[in-house]
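Next come two complexes built around chain A: one with chain B, the other with chain C.
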Partner chain A sequence: MTDDPTAKSDAADLVRPYVITRGRGHPTRAGLDLVSLVIALPGDESPHILDPESTRLLALCRGGILSVAEVAGHLALPIGVVKVLLSDLMDTGLVATRRPIPAAELPKTQLLQEVLDGLARL
Partner chain B sequence: MNFVQDPALWYGVAGTCAAAVYVARSRITVRDLRERNRLLAEDVRMRDEEIDNVVRVLLPALIETGDRIRGSLLRHEQLRGTPYAQGIETVVGMFTTAIEDARDRADHSAKNALKAAMRTLQALAGEQQVAISDMQNNYVDAQLLQDLLAIDHMNSQFGRRAQVIAALCGGWTGRQRAAAPLYDVMRGAKGRIRDYLRVEIRMQSNVAVIGRAVEPVALAVAELLDNAASYSPPHTTVEINFQTVPNGVCVMVDDAGVGMHEEARQSAARFLGATEPVGITRLGHPPQFGFPVIGMLAAQYGFTVSVDTRSPYGGMRAVVMLPSELLTTAVDADPTPAAAPRRVARVSRASADVEPAAAVPAAASAPTGGAAALDGELPQRRRRAPRPVEHAQATAPTENPDRSDAETAGLMGAFLRGTRSGRVPETDDKGQESR
Partner chain C sequence: MALPVSDGAAADVYLADSVKIAAKILIVGHFAVGKTTFVGTMSEIRPLSTEETMTQAGAHVDDLTGAGRKTTTTVALDFGRLTLSDRLVLYLFGTPGQQRFAQVWKDMTVGALGALVLIDPQRFDQSFDVIGLLEEYDVPYAVAVNRFDGSVEHPLEKLRAALDLLPDTPLVTCDARDRASSTEALMALVRYLQLRASKELA
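Up next, the complex of A and B:
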């Protein structure tokens, strides 16, 4: 089954994304993007009745910090759907997300050019 | 002189006797004839009434309903067994056969035409679903996703309608699927009806439905859910519960409507218990596809559906009994381990291809690979230990067997973040960025 190329789309088109998100396309939390990091918080999930997708998401994140894009890849779900699920899990306090470490501030090309011009004039 | 000895007297007596006998006999004859006459007249009247019954009642009823006439064809049971009655039976029988043949032919051609038309629509709905899935995967904008979800939902309903008609015409119920968890089959069914948000699946189950039965069960449950949602107030929920029974699992669909009246219930029970295909021309106007198609699918795939109980909420309870033959506990019973490693394995395979190059400095004890590359030969990949092929998918197939799936994923995440941070981070909030 693992090698069956239809296996993924098979499961995906039996349970459609709108069923998983209950028709919601907008996550309840703003600010999630592809590279936001997802951290599973220690806590008991048993009082919450979770969909299989949310359960899988939690299980994935328990193994280590993943980005939203990676979670979506592993779950084989659209990014937008994963954001909705993540927001729900954040609302129930089962996961937290944080912004990725920003890239080092690189000087602007224009500034470099000016420096170069200045040096050339010396 | 004795009178007695007078022969004339004796002639007279004999004559009188003869006359008396004659009179008596002719009286009897007349009475018999009258009686016969009356009987014959009665017989003619009965036959007239019979033929009248055939022409005015039986044949019009046949034409109207198309159903074989149950009960006696005769009004007067005295005629039973006579050639006349047999003649009537033959005429009505031939008429019935002719009507049935004509209806079967019409039904057959209607079914074939519908089946072909529905196959096209089903294929289109399938294609559209793939296109919608691609869009959902390619765009991350929330508003766009919201709209796509709505379109996706409409497409699913559209696909279901086509599927139902096709199934009723003996056509294609949809493609063969892999075995799927019962919970997913129920969610699949739920997604195909208009009011899917009102449907609540109250429990999870650890059984799965075998591949062959996934579509038929999903389709039948979708019809039950649609029926339940249509006949209950809009603010109420429709509940799905599972109950394990000795030889299978029962799926219960409860609504909080007013239930079905007796006639509808009987009609539903008749369709649900039908063992032969339902004529497409007998579905009423407008045609009711629901129960006939559920009955057909149930008979075809070996599950049973009943609607003869009341739900605890006062509405109808439909019970779908899935026998053990249609169930399995294997493969996808718990989707967590089955689905997640599949993707991880795929990623890991990709990373395994990258790794030797990255691992060259670490593998300093075997510098021949790098050296050979400098000499212009192809680098050779070395394995430290032989590795059984079948493990490649079961575990993360990297050179470090201790690495867990999550760690591999973490590494890939680091790699992804590295490449991203190396690029200009302007594409982040465009919204329409593709994955």
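Up next, the complex of A and C:
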């Protein structure tokens, strides 16, 4: 009864966030924010021992590009926890952020114009 | 929990491969003003919610048991997504406007283009806190009066004076349930941001 391995899959509701992140409050990589875009890289995760949350996160990111906030929303995990887990997966080369266009190449005025044009097309 | 990829709607979950830029606009306002409705009206995906847990939010909470106890506060953020072009996606974050969520505000405001402040004309006085926070964090904003019924009690110019808005700050009306109306309010904000950006360059 108590040995049911599937009982762990919904553990996120029961496990304190600092347990999932093994006590860490901050990601190893700075610069991940709510709208950083992330995607899984092709590769084999089997050499790495992943906790259940990271396994779910990786499976989600295999499907395509999502923002950090969306990953957190889909997995029902706090954003702080997701940032820590994503950083770890980036360190092991399993996940990457989509390289944003450097600010110098995209002036704010141009970004705002693109936003306005996009809204006008809705 | 099932992953969204398993429900056969992967195309509606993930961004197009061509998307390279993510922009962020905050939808702010006091409790129950219509932030979640606004985000839901505009979003192309089913709006998502995520929680941020803070352990140091209890600074203003009287704690008679002493310093050994931490206070944990959970803040829910509702957000939605709008793909605006092949390469550009806009995220709208509904953000609670209470001072005690300052830690979350720091996170939320980084990189935000600006904020749209939703206001209930009957309860506009509850908006001072959130406007104060936007000014403190230097986030440019426009104000949208949600479901303005033209009541003579609070004509727009009276509201502008009551809210102590600068002459340049856009003050528009919108219906958060209506997509065209909500889009107009966002466009008013972005035009204002353009004006500010061009002044910065000048």
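As a convention for this text, the second predicted complex is superposed on the first by the 85 of 122 C-alpha atoms of A that agree within 3 Å, B and C clash if a C-alpha of one lies under 4 Å from a C-alpha of the other, contacts with A are read in each partner's own complex, and residues count from 1 in each chain.
Basically, a contact is a pair of C-beta atoms (placed from the backbone, for glycine too) under 8 Å apart; a residue touches a chain by one contact, two chains touch by 3 or more.
Every value quoted in this text rests on a predicted model; they were computed, and no experiment measured them.
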Contacts of A:K108 with chain B and chain C, given as first, second, both or neither: second
First (chain B), second (chain C), both or neither touched by A:G118: second
First, second, both or neither for A:A69, with chain B first and chain C second: both
Partner chain(s) touched by A:V19 [first = chain B, second = chain C, both, neither]: first
Touching partner for A:L34 - first (chain B), second (chain C), both, neither: both
First, second, both or neither for A:R98, with chain B first and chain C second: second
Residues of chain A at both interfaces, chain B in one complex, chain C in the other: 9-10, 12, 17, 33-35, 56, 59-60, 62-67, 69-70, 72-76, 78-80, 100-101
Contacting residues of chain A [partner chain B, same complex]: 1-4, 7-27, 33-35, 52, 55-56, 59-60, 62-67, 69-70, 72-76, 78-81, 83, 100-103
Interface residues, chain C side, partner chain A - complex: 1, 3-5, 10, 13-17, 19-24, 45, 48-53, 77, 79, 81-82, 84-85, 88-91, 93, 107-108, 110-111, 113, 179, 183, 186-187, 190-191, 193-194, 197-198, 201
Residues of chain B touching chain A in the complex: 129-130, 133, 136-137, 139-150, 152-153, 156, 177-178, 180-181, 183-185, 187-188, 190-191, 196-197, 204, 214, 218, 331-332, 335-336, 339-340, 342-345, 347, 393, 404-407, 409-410, 412-413, 416-417, 420-422, 425, 428-429, 433, 435
Chain A residues touching chain C - in the complex, by the definition given at the top: 9-10, 12, 17, 33-37, 56, 59-60, 62-67, 69-70, 72-80, 98-101, 106, 108-109, 111-122
